[in-house]
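Each of the next two complexes has subunit A plus one other chain: subunit B in the first, subunit C in the second.
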Partner chain A sequence: MMDRREFLKRSSIASAGLVLGAPSALAQGGSKNGKINVALVGMGKQGRVLFEAMSNIPGLHFQAVCDIWDYNRKGGFGKVRALQGHEPNLYIDIEEMLEKEKDLDVAIIATPDFWHSPHTVQCLDAGLNVYCEKMMSNTIDGARDMVHAMERSGKLCQIGHQRRSNPRYTYTLDHLINHNKICGQIVNVNGQWNRAVSSSQDIQVNPKLSIDPERLKKYGFDNMHQFMNWRFYRDLSGGPISDLGAHQLDVFNWFLGCQPKSVYASGGNDFFTEREHFDNVMAIFEYDAPQGPVRAFYQVLTTTSSGGGFYESFMGTEGTVKISEMSSASAIYRENSAPSWEDLVKDGYLNKKPAPAPPPSSDGVASYESAAPEIFALPGELTKMPHQPHLENFFATVRGEETLNCDARHAFESEAPIFWVNPSALQKQRIVFEPSQLSV
Partner chain B sequence: MATEDTTSKDSLGHIFASLLLRLWLGVRALQTGIEKYAGSVSSSEPVKVAGEAYDDDLVETVSSKAYSMDNYSGIPASLKSTFAGEPLLPAWGLKIFDVVLGPALILLGLTILLGIASRVSLFALGLIYVGLTFGLILIKQDAGVAWLGIHVIMIAMALAWSEHNRFSILKKW
Partner chain C sequence: MKTKLFISLGVAACFALGSCSKEEASSADGSGSASGGPGAGFEGGSPLVTEIPKAVIEGSPRPKGMTNLAPETKAFPKFNVPEDATLLSKGKTVTSSDDFPIIGEVDMITDGEKEAGEGYFVELLDGLQWVQIDLEKSTPLYAIIVWHFHSQKRVYSDVIVQVSNDPEFKEGVTTLFNNDYDNSSELGKGSDQPYLETNFGLLVNAKATEAQYVRLYSKGNSTNELNHYIEVEVWGKGE
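And then the complex of A and B:
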């Protein structure tokens, strides 16, 4: 019989799906050596983040490292050797790797966005299960190809929206928003990723470490600057709205349980005038959510860090849940007219924070203000690296023990509206979605 | 006789006053010394809602107060670095004070409470407070100086009323 804890975990996994189908959940089994043989495809910054998170997961055997840059490849080689005590096989080309490595079980793909789809499709068609970083692709058709390849191959394809496996997020959705409905009717969603200009500068590289121009060209890069800064180029990435915004817009859609019906966006090269992608983007989405209409605002800035960093805020008639991967940026506010939450605090659903200081005086302006809401906090912290639970879910599914929290189909349903933000900003027009624009 | 009654009542009042001062100063010194061995012990456990754990990865840290020899710090760490820059306070003097302060407060607290050489104990405690006052003057903690001044006045009162001191184990000194 399923206990309450198991039920809640499963309900969270079920709610990871938006509107279509069930997550692919196939018992895939392990390898002959009892371990899951892993290929690391792309060992740049994000590849290293994933490797660090995987280094805490037992039962993995890092068999191959593939990267076109010698610097990354050697770095990956050293990290695997230091962790496992053996030397992984090294490859520049993924096709060569798939041809020679016959007993791989899994590929972890952390290449530039425009390579996500080709690499994922190649690996799935070769019989590997794939964990691929978000955004699925720089084009919506590339993302569609990934869904088709997953379903054609019958293999697993998890997309790296790691918040879907973060217990702080699943707890918030399961217990606070769905079960206890602490927000009342959610009418607004507000999210942002404000990144400092100092963190948004061009990445420079020592010329001695440069990749041979012929190799760069073969893999789609005009030069080393483009290789290091692929996020700035339209043919190689979706820009900040997909690079940073994808994580948070995924949470919008996941929590609301539906796709938006329209988007209106504004963007510009306000500071980084030479870049192809907008440096600042603001987007308004409209939803017909199951619980009622919702308007959502999202901004991504690459010029300013103030304003609270990055978070997603679900604002309702009775309360607001502001959640972030950073627990310090998370808070829950109760509207003064809402029913008391004392029982929720008593049962451990919430922690109450000290009451905010009263306004200094009752002047003419203060008389128009609403009373300050009570502030509460989520109980508990995630004690692992942010990506680790999502990777653990992937490997547990490979072993047949769980189902994926964010397979390619569900990730596509959530990501599809994001592909239309830049077009809306470029055309300066509201886009009302047709079903064909958001479906596989 | 009315005169004899008044004398008797005054005497009892003085005895109680002396005893209360001794108790207050003894408890103040003893517990302050013990608190220098206080620290916190943290333990993590899965968040429980309605009595059941939600997820092993969602963990709440619970801190509780604990005493141990390892926690000992005579002078708070935040003040040590401040004192270190004071030319009138030699490093060796600071170190001795740091090591001795906690045990000395505990010892004097006990002797004052039990009435063992009360006058010498009170005087020694007063000297410690004078030493602390010197340090606080150096770092311009005027509120702390005033606070210690009140303690010293109370010690002076206890000494002045020492002739009314009763319930002592060792009356000498």
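And then the complex of A and C:
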């Protein structure tokens, strides 16, 4: 198990290696067209989200589109043509693409989770820099393979934990939590991603557009339902705890600067009884953080939107930071007994929100309550699409101008505990991590 | 796009629901999403009945900063049509200002499929774009229903619905719906309200206007700058 010091040390070594070893990750002399040549691997929903975010980044040339579904491939073709006025080369198979496209610089991988590792490794070994969606893989060994391939190839591999490049998150961590110690001692963390039943249904597909069964089989799918709904299948994904939870559990580990020492989880098929993965999962992680012990609770529920969507909350002795990609779900609360934050407001670190309405008249219970905390807005509003800053960081690093905010090694160290949530829930047992369970 | 809003999708997950249900409307609650809505329809007629796709919401937040949105449609509007009303548009030829749709084909617009999943919508370029349905002959039209994209709480800009007997829409054009409040599309200022996309679509009263062609405009939406259609139904006088 890695403590904070080792976590940060190893992370910085990994980053430094990438920077020192490759001032620019472009091919020798750069591309002939002066742009970064990009292959889009996987053009489903998430591939399209990433493409929209990249469409605002200058200096990119979308050269190839690879997807096994004609509908997605044609859609990728249309999007590239609409944006850049040229027709990209189209491929069903990534091996054929890598064989024929000799001047690619970058692959953007947004395929189903069980394909992340093979596709990333193939691209890195072919000399491309890779941006791959999270979760790194559906298996911890698949994720390990990605780290090995990145370090073996000397190429860049950024994992799509886009909060790592979100200014609200970086500002909060760097300035408020680390520099100003605004939370005091963080003692608990709480997070959730809750979705209503109506938002958690199977994805339907127009049967007229089905993929040939032989092609589906070749690429690991039994049928179109599995192809569209791979998130529900144990051999193809990690389920909601990795699909949704990975974003927020990454923030837990990133902000605390260490890995947890144990996990205890509970899950069940409470509503979607036919699905292979749990539809509701709750997990408790314990940390020995440098500042002291921390307990963290996380829930991902696909059966209710209760509790206001998705956020992470860092609860300390002097204040609580509640942070989310949604500004409406982000705020910071000062404990009544904490030192004044007026200087932070004066210096521009915080914006105070109007005082909450006074509580209703005493009902005999109020005397047991703590005084209501003051509420402050978290600065760092994102005016771009959510994934854009993370992609910008990736492409700037490809040009040798920055370092990656979430390379595969950082991502692995943060994601590793997530792979043990489902086993804990299945075995109904607390897992105390051995170092080998969380290391590459 | 008049109001740009980047909605966090978070992850790739988008979820759709299953089959259609046949629905006739419940109450006046579903106003057709326009100012005043389509009204009650034709006196002495019977309620328009169509297949309503099941509700699908990706979980995206409601668009912000729009103060003039019509109330969200909660049910298909009760709208009477004459007894001879029939669905004229199914399978009819569709053309578009965008010769090369980005995703899908324009014939999806009249194929009768209204689901919110993958492979049901056509995506057109950004900016003002139109699609046009050729009904093959001029006939009195009673109602037009349009589903742009209903798995997110989106608002499409400059939704304009026109009918004409001129395929070029240069003469004899009747505008049935127009929410281009500032005339940014230069087709005339409209007074209808912008509305949230739902599985009930937008029902427009065609007021028995005789026409062979139906043209629908839009100019981006609150999630991105592109234009989308899942289905358009044109109801009018049958044989």
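Keep this in mind: the second predicted complex is superposed on the first by the 409 of 440 C-alpha atoms of A that agree within 3 Å, B and C clash if a C-alpha of one lies under 4 Å from a C-alpha of the other, contacts with A are read in each partner's own complex, and residues count from 1 in each chain.
What we mean here is this: contacts are C-beta pairs under 8 Å (C-beta built on N, C-alpha and C of every residue); 3 or more make two chains touch, one makes a residue touch a chain.
Quick caveat: nothing in here was measured; it's all calculated off a predicted structure.
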Subunit B versus subunit C as contact partner of A:167, first or second or both or neither: first
First (subunit B), second (subunit C), both or neither touched by A:349: first
Touched partner set for A:45, first subunit B, second subunit C, both or neither: second
Most subunit A residues touched (candidates subunit B, subunit C): C
Which superposed partner A:87 touches (first subunit B, second subunit C, both, neither): neither
Contacts of A:384 with subunit B and subunit C, given as first, second, both or neither: both
Subunit B versus subunit C as contact partner of A:175, first or second or both or neither: first
Footprint overlap on subunit A, where subunit B in one structure and subunit C in the other make contact: 382-384
Residue numbers on subunit C that touch subunit A, as the complex places them: 6, 8-18, 55-59, 61, 100-104, 113, 115-120, 123, 125-126, 224
Residue numbers on subunit B that touch subunit A, as the complex places them: 44, 46-55, 57-61
Subunit B contact footprint on subunit A (complex, rising order): 3-5, 8-9, 167-168, 170-171, 175, 347-349, 379-384, 389
Of all residues in subunit A, those that touch subunit C in their complex: 44-46, 49, 52, 71, 74-75, 78-79, 81-82, 110, 133, 193, 195-196, 198-206, 208-209, 228, 231, 243-244, 247, 305, 309-310, 325-326, 328, 382-386
